[in-house]
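As structure tokens, here come the structures.
In the two assemblies presented below, subunit A is common to both, partnered first by subunit B and then by subunit C.
Then we have the complex of A and B:
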């Protein structure tokens, strides 16, 4: 799967959790999920679980520690596919 | 051993050396200065002492969170100065929000001496993982970690399942055989969250020790364990209010 397609699906999954919807419109690989999109840190795990369901992958606890940017999500999912 | 773990052991040693000073002072402050009172304190202390002696399995304390002083009250309710000076590992490690205790040098000294592992809520996952690793390291050595699984003071004044921070479950997963002492603490005048309980507050506390288990793996397992703990706190909250009627 292409990175651009993964990114599109990642952003779609993030959408309901994002408090700053304006920032979401210009989101790219360097966009910070917590700081730029204002996603509640407690909800980040729900986001990652949604990635597991969407892409039919399993993500370990330790992998969540690497998720800060949208690009991190794309890289992590790409590695698991 | 990692530098971070060595630093924790150094902090523990400093805290232990100074404990004959700070443990009685804070106990006296709560008891006579602020005139706080915890009902059935002897029973709570007996239960905690029994939990400490009946097994060497790691023990975590998970409590609801309404004021910045909950950890002080819980620590006091679970043991007196004599008990802690004889069993210093029973004095729980607290996980305060760094922003609340880093504004002045004396607050930073206090957090260091009073067995605290500061947390930066909302920080990146690596920072959170480091805090969890510190608590795991300490729990494996017979120390007791105190965690607030809602991740902060409850803004509704009630335990919120949706606020369950999955890190608690991750910590439990990383500690085989881990026991969790769930504590529901609330003052009679505590209608919602606040900075501090009022002077003369009378607290009632409920305790239940559980060993959460899950068949789920990875993140789902951690989240399941966290929600089990918070669900237990919700049930204890209901019982607390039922007792009040």
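Then we have the complex of A and C:
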């Protein structure tokens, strides 16, 4: 799967948890999920579970700690596919 | 390093940290890693009944959500904490993170409710459950998804 397609699907999954919708409109690989998009940190678990369902992969709890940017999600998911 | 422990429902009950006048769980009737059932009788002397509403006391919805949390998310958070993080389980407090609840009936002072909660997930110290609160005659009071996370204070 192309990275652009993964990113598109990642952003769609993030959308309901994003508090700053304006930042979402210009989101790219360097966008920080907590700081730029203002996603509540407690929601990261929900987001990761949604990634698992969407891409039919398993993400270890330790891997979640490496996810800060939208690009980190794309890389992590790409590795698991 | 502390040993992992599977607490019983009787052991979990006193570990729920909330106390009067903000304790809304009397008993834990069932507790497994997939389900928890709690029960609470509403004390008519609770202070908020004086204002909600004057002369017509009804248990506030926000307090019913708290009761759902104390009967569901909190005991499961304690149970999983002692099972998976025994070294710092005593320092963990489960805080609400999110809830989506529909209300369909009221609870009056003196009534007893039972809250049945089924685990949706436990990941990274976050517990999410589907919960339903019922009166003793089976009437559903409210139901929804609630979640909380173990935090070290």
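Keep this in mind: the second predicted complex is superposed on the first by the 81 of 81 C-alpha atoms of A that agree within 3 Å, B and C clash if a C-alpha of one lies under 4 Å from a C-alpha of the other, contacts with A are read in each partner's own complex, and residues count from 1 in each chain.
The criterion applied here is as follows: contacts are C-beta pairs under 8 Å (C-beta built on N, C-alpha and C of every residue); 3 or more make two chains touch, one makes a residue touch a chain.
Just so you know, these numbers come straight off a predicted model, no measurement behind them.
Asker: Of subunit B and subunit C, which one contacts the greater number of residues in subunit A?
Answerer: B
Asker: Does the superposition put A:81 against subunit B (first), subunit C (second), both, or neither?
Answerer: neither
Asker: Output check: A:68 vs subunit B and subunit C. Expected answer is one of first, second, both, neither. What do you get?
Answerer: first
Asker: In the superposed arrangement, which partner chain does A:60 touch: subunit B (first), subunit C (second), both, or neither?
Answerer: After superposing on A, A:60 lies in contact with subunit B but is clear of subunit C.
Asker: If you stack the two complexes on chain A, which partner ends up touching A:48: first (subunit B), second (subunit C), both, or neither?
Answerer: A:48 contacts both subunit B and subunit C.
Asker: Can you list the residues of subunit A that meet both subunit B and subunit C?
Answerer: Touching subunit B in the first complex and subunit C in the second, residues 40, 42, 44-45, 48-49, 61, 64 of subunit A appear in both lists.
Asker: Show which residues of subunit C lie in contact with subunit A when the two form their complex.
Answerer: Contacts found on subunit C: 97-98, 121, 123-124, 126, 128, 147, 149.
Asker: In their complex, what parts of subunit A are in touch with subunit B?
Answerer: 34, 40-42, 44-45, 48-49, 52, 58-62, 64-68
Asker: Mind pulling up the subunit A residues that touch subunit C in the complex?
Answerer: So the residues of subunit A touching subunit C come out as 40, 42-46, 48-49, 61, 64.
Asker: Report the residues of subunit B in contact with subunit A in the complex, numbered from low to high.
Answerer: My answer: residues 121-126, 128-129, 151, 163-166, 170, 173, 217-220, 222-223.
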